[in-house]
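Read the structure below first, then the notes.
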Amino acid sequence: MMTTANARPADALRADDRPVSTRTPSAGARKIGGVAGWVDDRTGAAKGVGYLMKKVFPDHWSFMLGEIAMYSMIIALISGAFLTLWFVPSMGHTVYDGSYAPLRGVEMSEAYASTLHISFDVRGGLIIRQIHHWAALMFVVAVVVHMFRVFFTGAFRKPRELNWVIGSVLALLAIVEGFSGYSLPDDLLSGTGIRAMQGFVQTAPVIGSYLVYGIFGGPFPGEAIIPRLYSAHILLLPAVIIGLFTAHILLVAIQKHTQYPGPGRTNDNVVGFPVMPVYAAKAGGFFFIVFGVIALIAAVISINPVWGYGPYDPSPVTAGSQPDWYMGFADGALRLLPGWLEFTALGYTLSLNIMPGALILLPLVYVVVGVYPFVERWITGDDREHHLLQRPRNAPVRTAIGMAGITMYSVLMFAAANDIMAIKLHMSINDITYFLRTAFFVAPFIVFWVTKRICLSLQRADRNKVLHQRESGTIIRTPEGAFFERHEGLSEYERWKLVDFEPVAPIQLEQRVDANGVEKPLTGKDRMRARLSRFYFKDAVQPVTPAELAAAHHDGHGHEAIEAGEHAGSVHR
Amino acid sequence: MNALAARRRHPAAIGILLLIGLFLMGAAYAAIAPRPAEAAVSSATQVDEGKQLFLANCASCHGLNAEGRATGAGASVAGPALAGVGAAAVEFQMGTGRMPMRAPAAQAPRDDRIKFTEEQITAIGAYVASLAPGPSVPSEEAVDPARGDAVKGGELFRVNCAMCHNFAGAGGALTRGKYAPALTGVAPKDIYMAMETGPQSMPVFNDTNLTPEAKRDIIAFLTAVNEEPKAGGFTLGSLGPVSEGMFAWIFGLGIMVGCAIWLGNKAA
Amino acid sequence: MNEQDTTRAGDVLPAEEFGAEAVRLDQGHVVGHGGIPEVFQNPGLPPHAPRTTDLSEAAAKRAEKQVAALFALSIVGTIVFVLAYFLVDIRATTYVPGIGVMALQHLLLGIGMAAALLGIGFGAVHWAKTLMPDEEVVEMRHPMRSSDADRAAVVQTLTDGGEAAQINRRPLIKYTLGGALGLFAVPVVLPVLGGLGPMPQKSLSLTFWNGGPSGPGEEPTFTPMRLMRDPENTPIKASDVTIGSVFHVLPEGLLDLEHGVLEEKAKAAVLLMRLDPKDIKVQKEIDWGHQGIVAYSKICTHVGCPVGLYEQGTHHLLCPCHQSTFDVTQDCKVIFGPAKRALPQLKITVDDEGYLVSAQPFREAVGPSFWERG
């Protein structure tokens, strides 16, 4: 592995690259060697560390989305450790006597009282609490957007399917971790959330009520749920998340980062900046930027003002009872599901008006997300390693599927805010609910179609740009009196970005013959695969070839050439 | 004029023209629109004066004798019967600009453009109170937040009010376009009268349900919550996790992606 | 991908197709494939464009000062933080435009911290962008898979290990080991599962209205209970409940409990309303009420939120969590939203002193559905 850094393969691509340094170590370097040498004598770490420091990372803003997630998680860990010093995870009763006057003398749990204590009586307690909560929200936001980036650029393809699955599990755990933390202060809002969670669990067929009594240690709310959620929130889940996250990062290091297509970038190289010094400064600096932005938000924007909600009590409730945004899609599903889906037979109740949204949806979403790479791979039959990303427009059907999925998710998420929309947009909550019920089924198809058309149009525009260059806006009059618009040429670097993708066509069914020359019948699986392949690739737009470009140059108009690739797609294999 | 003519194709021209047109329309409407009746003859008693005002401004919906009027469509009413609602209801509905309603709607919104003088509202109140006994306008002392207990008020508020009006009094949605309005910036007297009379969708909290002292405690709590310093900064409307999530997506993510783009761009 | 030509038939179209098509299109100006390659070739990295800081020492100096200024800002931020921590009173407030009056120490700590962090962050990135080398470096990739020899060696080691351990030759060991490994988790898992909580028994179907505490194993016997105001804990006279009123009610004695107040509240909370009996459309509702005064469970039959939003005009009850809407004139049947079952009614009457009392406990389990509920 060490050879890669020293081999200086850049020679092949650019002649004027600086030679790799072969200087003897300076006095300073020898000194560090003295300190670090002790460690290296005992671990042999120099080799690995040296390799890591020379590792190359490609530069693109969208590659920082994962880093936002990682850094938000670290910030949540740091601020969370601070909070544990004062938070009391107990539902024991106490009477508040802290400095927040409107609650003084009110009976509450010790968890809630200690949260008030952190907010009002610990110096810097509220800023850390708000940093913790904002970091948690940003963590899940960044995880989701990072997944979007990986999905739409095809970065999940071989060899990264495994890391995609790890990432999906991480995303699911992040949500559970968030919910368990949101519930800890034991205020009226989070208590209502736990109450709803109890209702969800209770609807599990056969074992529901036993599950509830197991989770809550008896009847709801009991005194066990906060300590139990606490141990999950600060011990079990973080341990699993950090373990999986380490595997996630290690796989990125082993497989090396993907990169966008561009001049000089191939499937066999990584073009970017080495960790030492550029990436260390950029990525390290970015940690401070993310932390600083979260601190700034926490300084001026209030989040989860627990003192306003009051202590949890099963009798009161507040208007606008919502979970944090990442649980919104499940809560929204519950708001949209109609009541007639509950059935009673033979003395048993099956609540299909609750279960799909509350118990099934959450894991289902992540199972669907997790298996997607394997489904796509089966359809394309593509067994090669991919390290060059795809521009989303160059995989129109995948992009459209992704957008349709996001639409479904968003409809559910917005449904969770239907009451807030009703008061802020002056609409009827019932109309909003009816509209979103319809939108859940209709909107994904519309979005699929629109996205696919947009992708195909963008691809055609790319072809057009390559074939006819850029319209300069300059009109030239020939001596004969004819007019034409001058087209400016693309440099070969600009052109490469537009043509560097694979021509694709659907799989064709073909009678197979076994070793003895006997025809094997086509199976339903084959037909299915061919159908899906047609669905993915039947109207694929192909990249411009040099011959087409030459043809277009000879033929001044050549509009057919723009379309040519499209029809060429459906022939032979 | 030439300068004007030259600018007539300016992109902002249509907008400016529209604005001028709307302003002229508004001015013309203000000039010819029907005005609330002026105070009746001074010799009449307050009740008579109120009756005159009622007939001129309220009777079209509430009936000539305040007996209420149906719209003719199902059980819906143009205006409910007013016997027994008391002077407090009139004072609340007209003093907050909810009545007279400007247009048929799911609910009459609060409106700071109050069209009647205090004397006129008091007169109509006196007339409505003369129809049947009902709650009267509370004294200054009864609604003085300084005399209430905010802690007790908070407990009462959370059980009786928060499910509609939200934990911080930011308001909430009801069915079919109706809503519980925000309680910020509402005068203590109006809060008291709303509890007492149960305007529109709101249930009645009579003096046996919430005693006058309990009502004053609730007012004290709302005043305390309104006036307390914002411990953690801007409250995002006190709407709970929805506004916080929106902020994280739009501003939190927006700022960080902006920084990432700057980071990934080559320096000039 | 163009480098890696292990294309499989079926998904990658042979590039000749495009060549052929294009040649036909240009109507003979280009004959055959000639010197035209099938696909475009990667032009390699574009020439490096130097930055202003590479070209001018003045610009580099300027960048250096900017980076230093950002690092200095960070130091100032930390100083602000420390000063605010020690010198500003935790209860001091300040007016901030757009926010209102807010806690001063919180604001200064946050701003100081943000400046301390952002100064370092922006400084480091600016440094990297302007002064550190910006020529891109290329690192080669290698296929992920190990060589066939390495793979075979691993399999061989495994088989050899199995052979050496004689696992296949000694089935007794194989099967007992399998059994032991299959069972060893039991001592770990059993105490966890067994100790989580008690069995629910009947407690999900009972409430405090049945006559007292209704936890697992407790079988209260019914006695009429007064309806008490929540949270004042005072009894309610029938005459107190005027039309349009709503009372939040708990059973008598619940708030006096030593333990389990919240657990009982979570099942026993009741909403009391008075309607004009003419408006009530269900006879049972009138019979179980008292002169139009009716009491219904406040616990939503969907997932258990308190259904507290009573619209006195329409007599609808709305749950704020998922918007299930119940019509009080129709025995609280669901008219909108995700709940299926009507809210259970509590039969009430008045006692000798005119106070409202329960006449019987709830006839069905209150709150969210569960499997054996029936």
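In order of appearance the chains are A, B and C, and numbering begins at 1 in each one.
In this section, contacts are C-beta pairs under 8 Å (C-beta built on N, C-alpha and C of every residue); 3 or more make two chains touch, one makes a residue touch a chain.
These figures come from a predicted structure and were not determined experimentally.
Undergrad: Does A-C or B-C have the larger number of C-beta pairs in contact?
TA: Pair with the higher count of C-beta contacts: A-C.
Undergrad: Measuring from the mean of all protein Cα atoms shown, which chain centre lies nearest?
TA: Answer by centroid distance: C.
Undergrad: Taking each chain's centre as its mean C-alpha position, how far apart are chain A and chain B in Å?
TA: 43
Undergrad: With centres defined as the mean C-alpha position, give me the chain A-chain C separation in Å.
TA: 16
Undergrad: Quick one: report the Å distance separating chain B from chain C, using the average Cα coordinate of each chain.
TA: Chain B and chain C have C-alpha centres separated by 34 Å.
Undergrad: Send over the residues of chain A in touch with two or more other chains.
TA: Within chain A, the residues that touch at least two other chains are 120, 126, 130, 282, 285-286, 289-290, 293, 298-300, 313, 315-321, 418-419, 429-430.
Undergrad: If a residue has to touch 2 or more other chains to count, which residues of chain B qualify?
TA: Where chain B meets two or more other chains at a single residue, that happens at 155, 159, 163-164, 172, 174-175, 180, 230-234, 263, 265.
Undergrad: Hey, what residues on chain C touch two or more of the other chains?
TA: In chain C, residues 96, 99, 103, 106-107, 110, 125, 129, 134, 230-231, 248, 306, 308-309, 320, 323, 336 touch at least two other chains, as defined above.
Undergrad: Over in the complex, which chain C residues touch chain B? Could you list them?
TA: That would be residues 49, 51-53, 93, 96, 98-103, 106-107, 110, 125, 129-130, 134, 229-232, 236-237, 239-248, 273, 306, 308-314, 316, 318, 320, 323, 325, 336 of chain C.
Undergrad: Which part of chain A faces chain B closely enough to touch in the complex?
TA: Residues 59-65, 67-68, 101-106, 119-120, 126, 130, 134, 137-138, 141-142, 145, 188-189, 282, 285-286, 289-290, 293-294, 297-305, 307-310, 313, 315-326, 328, 416-420, 422-423, 426-431 of chain A touch chain B in their complex.
Undergrad: Where on chain B does chain C make contact in their complex?
TA: Per the stated touch rule, the residues are 155-156, 159-160, 163-164, 172, 174-175, 178, 180, 198, 200-206, 208-209, 214, 229-234, 262-263, 265-268.
Undergrad: Mind pulling up the chain C residues that touch chain A in the complex?
TA: The touching residues are 1-4, 6-15, 17-19, 21-23, 25-27, 29-30, 33, 36-40, 42-48, 85, 90-91, 96, 99, 103, 105-107, 109-111, 113-125, 127-129, 132-144, 193, 196-200, 203-204, 215-216, 230-231, 248, 250, 260, 262-263, 265-267, 269, 298-300, 302-306, 308-309, 320-324, 334, 336-341, 367-374.
Undergrad: Residue numbers of chain B touching chain A in their complex, please.
TA: That would be residues 106, 150-151, 154-155, 158-159, 162-168, 170-177, 179-180, 221, 224-225, 228, 230-236, 238-249, 251-253, 255-257, 259-261, 263-265 of chain B.
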